[in-house]
Structure formats: structure tokens, C-alpha cells
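Before I ask anything, here is the structure I am working with.
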Amino acid sequence: MQSLPLLSHYLQQAQAKLPAAIWHYLQADAGDGHQLHANALAWQAQKLMPRPLQQLHNASTACEMFGERWAHPILLAPVAYQKLFHDDGEIGTAVACNAQQGQMMVSSLASQTIEHIIQQAQQPLWFQLYWQGDRARTLPLLEKALASGASAIVFTVDAPVKQSLMDLPEGVSAVNLAQALAPLPIAPGQSTVFDGWMSQAPTWEDVHWLRQQVTVPLLLKGLMHVDDAKRAVDAGCEGIVVSNHGGRVLDNTPTVTAVLPQIVTAVGGQCKILVDSGIRSGQDAFKALAMGADAVCIGRPYIWGLATEGAMGVAKVIRWMRDELEMTMALTGASSLQDIRQLALYQS
Amino acid sequence: MQSLPLLSHYLQQAQAKLPAAIWHYLQADAGDGHQLHANALAWQAQKLMPRPLQQLHNASTACEMFGERWAHPILLAPVAYQKLFHDDGEIGTAVACNAQQGQMMVSSLASQTIEHIIQQAQQPLWFQLYWQGDRARTLPLLEKALASGASAIVFTVDAPVKQSLMDLPEGVSAVNLAQALAPLPIAPGQSTVFDGWMSQAPTWEDVHWLRQQVTVPLLLKGLMHVDDAKRAVDAGCEGIVVSNHGGRVLDNTPTVTAVLPQIVTAVGGQCKILVDSGIRSGQDAFKALAMGADAVCIGRPYIWGLATEGAMGVAKVIRWMRDELEMTMALTGASSLQDIRQLALYQS
Amino acid sequence: MQSLPLLSHYLQQAQAKLPAAIWHYLQADAGDGHQLHANALAWQAQKLMPRPLQQLHNASTACEMFGERWAHPILLAPVAYQKLFHDDGEIGTAVACNAQQGQMMVSSLASQTIEHIIQQAQQPLWFQLYWQGDRARTLPLLEKALASGASAIVFTVDAPVKQSLMDLPEGVSAVNLAQALAPLPIAPGQSTVFDGWMSQAPTWEDVHWLRQQVTVPLLLKGLMHVDDAKRAVDAGCEGIVVSNHGGRVLDNTPTVTAVLPQIVTAVGGQCKILVDSGIRSGQDAFKALAMGADAVCIGRPYIWGLATEGAMGVAKVIRWMRDELEMTMALTGASSLQDIRQLALYQS
Amino acid sequence: MQSLPLLSHYLQQAQAKLPAAIWHYLQADAGDGHQLHANALAWQAQKLMPRPLQQLHNASTACEMFGERWAHPILLAPVAYQKLFHDDGEIGTAVACNAQQGQMMVSSLASQTIEHIIQQAQQPLWFQLYWQGDRARTLPLLEKALASGASAIVFTVDAPVKQSLMDLPEGVSAVNLAQALAPLPIAPGQSTVFDGWMSQAPTWEDVHWLRQQVTVPLLLKGLMHVDDAKRAVDAGCEGIVVSNHGGRVLDNTPTVTAVLPQIVTAVGGQCKILVDSGIRSGQDAFKALAMGADAVCIGRPYIWGLATEGAMGVAKVIRWMRDELEMTMALTGASSLQDIRQLALYQS
């Protein structure tokens, strides 16, 4: 299986095309880039065992979650301000996602309205929720998403301290928010981090409150600790996204590969387990599924496609990853996602 | 023992001489080159323990398999379309192989006729069989090989999904095939991988069928899992080639060094165990034998010799590897392949 | 948490601004730079586990030691001859330290008088003591420091063999010493190391003597072995600085991360445990505290700030490390240093 | 302890000064240089634990072997054809060795006569013996060495297959040999390695014979396996040199650090254990002694000194390594070689 150079092609094109500040914003991690690298490397380091001579002609990557049927388990992770990368913006991503019979998560910081995005997608989409400082300000955003037809809410909990963002160019903003979130004004001797930001951050209490408000499946995004995964289940969440936010929030965390097995053992079957951070190929997706994930999300890779060719680029990235997933199944003798899950990865 | 720079010399010459597309085809692995590197590194990483002061003047690398007697256990792995690399093509390889008193496997995708190659070799050769989509189309190819005097059939099972190959230049084609294999036409919504390719791939049932047709020793090439090795023995195969296809089929597999010991324990003595993928010196060959292999195959290295000096280059590569194997035996106190097998490799 | 490039900025500025010999003196380690690198890498290699959704708005980095109250646990390690790096010298450092409500250790080899430094700091400071060859010559230095208002004595014991130092430029010298220490004259056949230097080095006997002389808390700096830590406690020391002297004394020692856990287990609670060597961020500080340290010291990093912007640069380095420590606490759910100590670092 | 750049200085000078072919011959290992690197790295990787505050002013590196008293345990390993590197040749080395109160091993392939070398050294030296194809041709060489006053015989057993050496320039040859050793002429079908070289290689039988002929202490050089060390003791040898010949004979062997502990356990106390291969500093020497060696030998490093400054360069290399050994003892609290041996190296 000779790796098509599609993704590295898009990566190079995106880097060439985007202004440096935007490229930097896209690729940045919380440190010097080492976590970004570690995330991808950790998937690569897992070994696959070839199992030839299996009967596979009825094989398929089809799957189902919360009553939705998808052609494959490769979701698009929420990425803010997509008009930064291409005029098509979130709508381009949504159209591609529909064409490839998958699902995406629309960011709270989308640069187009959630109503418009879902309408153009011609299918219900998932909405990613950021806490808006308190319950009163969070509720309207949630209600807007639900009213627009969001079929699941993904509550991202791992990024409470917002760093000074790049300056957004003219015409790009978080159009779904009533107002941008800023740190609280602090008194002398107080801490910007603790008093300015953290007093606006959500807590487990807020998760319980949110569970009451959300009428569709609720997922928590950004969990890495097995106890937090259990707590999400106890709070009535239908799913979690095991993620270190692509390395963008805290430097030198474990990789998802390191924590996933324990989380699968603890809450597998009780809620859906999605993963992201560093997935770069259909083989990586295969490995995540073999380790017990129910689906995978990609972040930066589809943005490289969006930046290069708009909606078409996103569609090709999804298709390429699905093809690679199929080839990996063919070569390892797995004819369904269920089969993959029963294959143990090779341990040296 | 100062390593003669012969092989790196040939590698450099071949790269300089071959058109870029052909060089790329030769060296390619399934990913970004990392498996190719990992394969070679894994052999290198094994340590050898010097054992001076042994009596060695009757020592020899001579060996025997399926009634054939060879001067050394270094076989030439099947490599397709050898006229791509030198006008001598497969015939050059065959002549060199005979001059060095060894054995080679002629590929199903040879660019010269199997009759002609065997005739010029002046010795029976082994034939590597690729499945031709179904039994009816496979049988004529097999029969042609047997009729031409193939003394063993090596059935390669690890490469069922053919990737878009480089465009073959004028005058180079798979002359032994009735027609090139292509994916089945697929209906909309069907998968190229599963419905196009895999419905033409062989299964264990086909191995059983093949065993009936093959009147000479039958080997399966491309097994990595111990259960598949056992199944090969159960199916009546006389040998296996433990191989990850030089890293060309699936990226991020284990190396052969990682799986060989378990396979030797399971089926050693019940069938012949050959290995390839990443062997680059007589020391690597020594290590494979010490780990329990009965013989080793080389792929790319002899092609570097072929590309540089035709038949003469192939002969020199074989000779150099044999000399290095002898020197390694001399320095470790092994006077026969049997002795090597009884030397445990040094474990740190 | 996107890492502010402040520290690498200062590092680059300092390198650009300082004469090569001074830069080399600052960055040097005992070997070829590998220990310097290993020290920093060892902190980085520790992994942090994100724990979102904790209640943190009363959180704080405040702490207390020997009755002193600090806003944060980031101390400035003793660094000699600070006028080499900026005209502000030790006074600049002291002023910045006070502005950031922390503590520093003034070197025996300070280039400004200890009286003057403490006076400008407007707070008591700690004094780092080097042995002056014998008790008679050491006592006056100690008494001068105590008389100037030193609130703790840090006795550095890991650097008994002074190497030929760079030539100090005009106007920079160890103004607090009666005379510079030189090796004893040796007879032919004697050893410069053993007879010249080591006969002037302090021993555990001298530590006991010193304990009698010191009326404020006494710390030993430069211990790495758990038995030496215990012996320090037995000798009545109130604290130790676990340190390999930033790699400047002996090459290829363990890193502090490797020895700290055992030392914490042995003497934690019986004396204060400070650490230095390779700490380069608030995250590193967090990790040291999580491993059981009571406070951390930084050496080269604040000198990069001093060299670039004098007192202001030192203040900004301290502030940046404290901010990073706060963010790390926010993202890991720790609301006090006590909390950090109860968080086990992630073990893969 | 700031590492004096003396050795890297000499390395650079030697490389600049020597003709490329000679430099290549000096630095070569059996493969692509990786063993040379691995040897040095393995010593470096051992960690030293600082132990300050010890009483050390009577400390010393003095030692004794076979009745000889040396100022330090750093011996010069046998290196062939030293006139290749400097006109002073072996005599330069011998003079330096005497000035530094140490010991050297004169190679069988010395480019000056053993009589002359020992005479200029003004002290008995050790003689390194290469087997001369059979007993009859070996005896005269041995007798010549003993007659010249060799105080020990070091029989090198790990290099039986001589590789085609560089062409020796005019005026440089193995003046102590009756005739150069060449492979036996072989019949067609015979092997150069086994029939040409190995039938002239020594065996354990020859060691027993040699033991009868040698009236001074006999050491075997080039043992790596614990069983061979035991066999040397059983054969009545007074010492062994654990060595992989600086990586020059067989590629990818274990490093000496890997095999030394087991050998020390097995034969320590029953014979003297010397080591070489990759020792590049007084710290490396310290580590070897801490692991149980009785003395260490250096090869290439003193040749760098010889090439740069003749006898003076060799003397400085020895002195520098001894100084570094003393400093390492000072910083780890060891006052004698005996003390070092009782210090366990730090294990992480």
C-alpha cells in the first residue's frame, strides 16, 4: 500500500498559500512544536500485523452513532474561524462532509452562522460548545445551536484559559457569539489566570446543569484522565472525545495513545469514545479503532485541504483517509469496524 | 573485519544511473521510507559476540534445501520487471546466481519469459506466483512455470491490493502473464478496495487448492503472524518466507526480527523458514540464521548490483555477502550453518 | 496555553549582546554541553495530566519558608560576578526579586557588596557561602553576610575544585572576599587536585562547625545522594538544594529529576527541599513541586533577562515563570502548592 | 570540572595534519563508524554520583601490577606502525609513557625495533604478540621480545582475519617480523577466509603452548565472552584485556561496558582485568575502574597526541586523563583506586 502523497501535498500547499500568521495559528501547539510531533508519532509507532488470505469482499467501513448512519468513522473536529483558511469557510467543510457521508463538529467560534452552515450541509451537524463565562451567557448560544438543528452537543472543557489570539483580519469573527469572551478585570495583587480567567471557567457543576439543558446527545471534549471519563458517564454524557486538543493547550501531556486503553477499559460500552490529536492517516484511524475508539476526529489535516482547494480539498482528505482505512482493513483481514476492534495491535 | 564499501558503492551508482521514477519505484516503501529504514536497522541492532581461538579450517557455508545443494544460504528474492534496471534483466540475475552456486525466485512479473530465464540459468529456478484473480486464470501461469522447470513455487500472499504502478517504459512488461490484473469494475457506492481488488484476492481455500496443483515444494511468502505460519504448515506447505515485503505493502508493521523467534519456535523443523526484508550484509544473514532461519533472501541489494554492472554486479553482491558471512563465522567461532543456529545472539 | 517566547527571546538577546567569552562562561557545563541539555530535557520529559472542570478561582501560588512569605516559590540561584552580564549587577537582580515578592541567594563571588545589595533590595536576602580554604578565613565572610542581614546561609559544597576561570574584566571582582582563593603550592610529585585544591576543601566536620556559627537557617547546596541529604538533616541543616550545579562541576551526573523522589521520601518534612538545574518554565517548576520540592531555583534563565534588560529583564522572567506556573495549575486543577504536591505526575 | 578541550584539540589537529588515507586507517572501524561511536557513548552514558565533603588530601591514583608500580592506571594500548603518525614513532610513545610513570604495550607491528624502543623507554615495556601463522614462526618473535626485556606478553586473539591494509608508505614496515603474514594460497572452490586465513589462526591449544614459552605474565587481549575469560584463567593467564579492538574487527558487537560486569564477577581477583575500546577521558577511566577493571588502556586518543606533537603530545594526553581521573575522584569522594572500585556507579 503505497501512501498517496495527498496529505503532505496539501500541507505544503497550505503553508505556501496562507499568510504566515495564519499558518502559525493553525499549526501552533502550546510549546515549541514538540507536542504536535509527539501526538502524530505516537500513532505511527503502533505496529500493524499483516494477516493475508482472509475473505473480505463484503467488507465495509460503515458505522452508526446516536442513530446517525455514516459511511465511515472519520469525523471533522471543531476548528475555529475557518474563513481564515478559505473563503468557503465552515460551509465548505460542511458540504464536503455531507458529500463523504460523514459528520463534523461546528465550532462555537465558527466564522459563519450555525443556521447557515447546517442549511448548506443538508444534514444535521454537531455543535461544539465553549463556556461563555457563566450559565446565563452560555444558554443562548446552546439554544441557538439546538434551534438550528444541531444533532449533538460537544462541550469542550480543556481550554479554559484563552491565550492572546492572533489578530483576526477584517471580516472574520465569531459570528455566533453575542460578545467575545474576555478576562474579568482584576484588582491589584490578583492573578490574571486565577481571578481573570478561571472564575469564568466551567466546573463539573456546570456539566450537570448543561446535561439538563441539552436535549440531544452530549459529549465532553478534552478528557485525558480515566477518572474524568467515568465522571462524564456519571454526569449522563453520551460520549467523550479523548483529546489533548492537538497539543494546543498544555505542553508535555501524555499522548492519546497512552491514555486510551485505560479509558476504554473503564467506560467502553457505557458511552461513545471518540479520539483526536495527531491522526494523520487511515492507518492511524485503524489503530485508534483497534485500541477501542468508536470513531476518530481529524483537525489540522482537513484544514490543509480546505486552505488548498476549499470544499473539494476537504472532501478529498476524507476520501483518502477512508481509502487508506479500507486498505489497512484489507491487509489485516478486518471486514468491519467490529472486526478491527477485535484485532489486538501488535505488541513487540 | 573492515566492511568493503561494495554495497554502498552499488547503491550510489544505481541511484546515479537509473531514471528518477525507476529509482523511486525500486526504493519505495508503503509510507515515507521509515519502514525501509526500520527493517535494515532491526538487523543491525542485533549484537554479535566475538569468540576467538576456535578451530575453523574445515568451516563452510554450504547448505541443502529440498534436495538442492547450494554453496551458501543467500537467495535472491523475487523482484518484478528487472529489465527496468538493466538490459540483462532476469537473465542476468539468473546467470549470476548460478555462477555463485545459489538460488533465485523468478517473479510472476518477470520481464523475460520463465522458459528463457531457466534455460540461460542452466539450473532449475524457483518461481514466485501471484494470484491471477481466480483459479482459472492462475492455473495456466503455474503450469507454465512448472513446465519450464521451476523446482519450487513461492506463492506471495501479502500484496493483494495493487497500487497504481509507475508507467512501464516501452519494451518492459510482464511477459509471462496472459493479461495484466486490474481491479473489477465497481458499482456506485461500492468500494474500490473491497469490491474492486479484494474480491480477486486469494484466500486460505485457494492455498489448499494450490497445494493440490503444485507438484514441487510450495512456499508461502509474506507471512508475519505465528498463526499464519502454523496454518501454512497445516496446509502442507514445505516452506514459508517470513517477510514484510521489504516494507512495500503495509507501513508500520513489525520487523522480521521481531516476529521470527516466535515463528521458529512454533514451526521450526516442520517447514523451511526463509526470511527477507532489510538484509544488507553477511552479518545480517548470520543473525537471521542464528535466530533460526534456514536461509535468507535479499531484494533491493542485488538490484543495485544489477543496475550498476548487470550480471557481474549481481554476482559480486552475492559473493561479498558470502565472504562477510564467512568472516562473521570465523570471528564468532561457527564452522557451519548448523553451528550458527546453535549460537544464541548476544542479549544485552 | 501557548508558551510566550519570552525566555528564548532573552536567551537570543543575551547571546547577541554579551562578549563571546562571557556568554561561554555563562552557558558552560563541565563537558561538551550535553549535561546542560540533559538537565533541561529531564524536566520536559515529565508529563502533565490535564484535569479540567475544577473550581479554581481562589487559587494561589503563595508560600512560606523559614517565616518568610513569598508570592511564589521561584527563587534565584546564586550566580557569581553579575556585573559581567549587566551594569545593574546583583543589585538589579535583588530589586527585581523584591518587586516580584520572591527571594534570591547572593553569591560569595558577588561583584557588589552584600551590604549594598541587601540595602537596595529592601528585604533580607539569602547568602551563598563558598568555603575559604579553612575555618579562619571562612568565618569573616560568614559574619559579614550575617551582619548585613542575610536571612539564610546556603553553603555550596559541590564545587571544591576551582577550574581556571575566564579572565575577569576590569572592574569586576569578588568584592566580598578578603582575597581570591588559589590552590596551595605543591611539592614535586604532589597532585594539584588532591594536594593543591582538596586540602582546602570543606568536609562534613566543617559542616558541623558551621552549624554552630550560623544563627539563621542553614542550607547545603549541591547534594544529589540520598545519604548526603540525610546527613545534612543529621547535621542540623534546615534545608538542602538538590542540584548538580547546572551541570557545571561534574559531567554525566544523574539529573535532579532522577534523584529527587528518593530524597523526598527520605528527608521530606525534616528539612526544606529546594532544587535547581535545568528549570526553564513554570511547567518545570510545577513538576518539581509535584515531585515533592518545596521551592525551585533558576540560574541561567534570569541572567538572560539581566543581560538583556537589567533589573526589568529579571523581573519579567520571574513574572513569566509564575504566570506559566499559574496556568499549569489552572489546567491540572491544582489551587495551591499543597495541591500540586498531591498530584502525582503522569507515569506512562 | 570544566573539561579541558585538549583531546578534541588533538583530534582536530591530527585530522588536519595526517594524509587522508592514514587518518582513515587510524579512525576506521569494521563498519560505517557506528561501533566506534557506540563504544565511546557507552562509557559516557554511565552516570557519576557527586559525593562532596569527603576528606581527600592524601588521595592518589597510584597502583601496582605484576610487581610494577605506576603513578596511574592508564596504559597505552598496542597500535601498529606508529611512524605513520609521527617520525617519533613508538619511541616517542615510550618516552612519554615513562615520563608519565605508566606502561605501554608495544605492537607486533611496531615500526621500530622492540630493542630500540625499550632501550629509549628506560623501563621494561609490555609486548603485544600477534600469531605468526604457526608455532615455529611465532616463537622467534616472542623470544626476541623477551630478550629485549618485555615485562609482560599481551597475546591479541581477536583479529585472526587480516583485511587488506592500506599501502604502507616508504620507510614504514613491521620491522620486528621476519616476514609479513599472508593468506595461504587456496585451491579453486576453497574459501579465502576459512582455508586462506583461518588455518593460520591460533586456537586455545596454542594458548596452552604459549603459556609454556612465556616466562613473564601473559595476558589475552580481545576477550568479550565470560566463558573465554574463565578459559584464559584456566589456561594460566595472569590477565585479560576485555576489548572489542576499538570496533575494528567485528561490527555490532556489544560494548565493553555491557560485558565487563559479568566478567568481573566471574574472574575478578583470579586474573588482572584490563579494558579498552572507547575510553576518552579520565571520567571514562574512573567508570571502568568502578565497574571492576584493574586498569584501562587507550588507543586512538594518544595517537592523536602523537600525530600533533610527538612524544610531548602523548605525555600531555596521559597527564590530562590522569588529572581528570583525579578530579573525578575528588568530586565523588574516592581517595584511591580501591575506593573507586567500592563505589557503585549510579543506576537510574
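Letters A, B, C and D mark the chains in the order given here, with residues in each chain numbered from 1 onward.
Quick note on the criterion: a residue touches a chain if its C-beta (ideal position, glycine included) is under 8 Å from a C-beta of that chain, and two chains touch if they have at least 3 such contacts.
In UniProt terms the chains read A, B, C, D = Alpha-hydroxy-acid oxidizing protein.
Keep in mind that this is a model prediction, so the values were computed, not measured.
Note on connectivity: the fewest steps through touching chains from chain B to chain C is 2.
Each chain gets a centre from the mean of its Cα atoms; the one farthest from the centre of chain B is C.
Between chain B and chain D, two chains of identical sequence, the interface residue sets overlap only in part, with shared numbers making up under half of the total. The rotation relating chain A to chain C, fitted on Cα atoms, amounts to 90°, rounded to the nearest 5.
If you average the CA atoms of chain C and of chain D, the two centres end up 43 Å from each other. The set of chain C residues that touch two or more partner chains is empty. Taken as a contact graph, the chains are arranged in a single closed ring, with each chain touching exactly two others.
Screening every pair of chains for touch gives A-B, A-C, B-D, C-D.
Taken together, the chain C residues at the contact with chain A in this complex read 1-3, 44-61, 283, 323, 326-332, 335, 346, 348. Residues 28, 30-32, 34, 157-158, 160-161, 163, 191-195, 197-199, 201-204, 206-207, 222-225, 228, 244, 248-254, 258 of chain B are the ones that touch chain A when the two sit in their complex.
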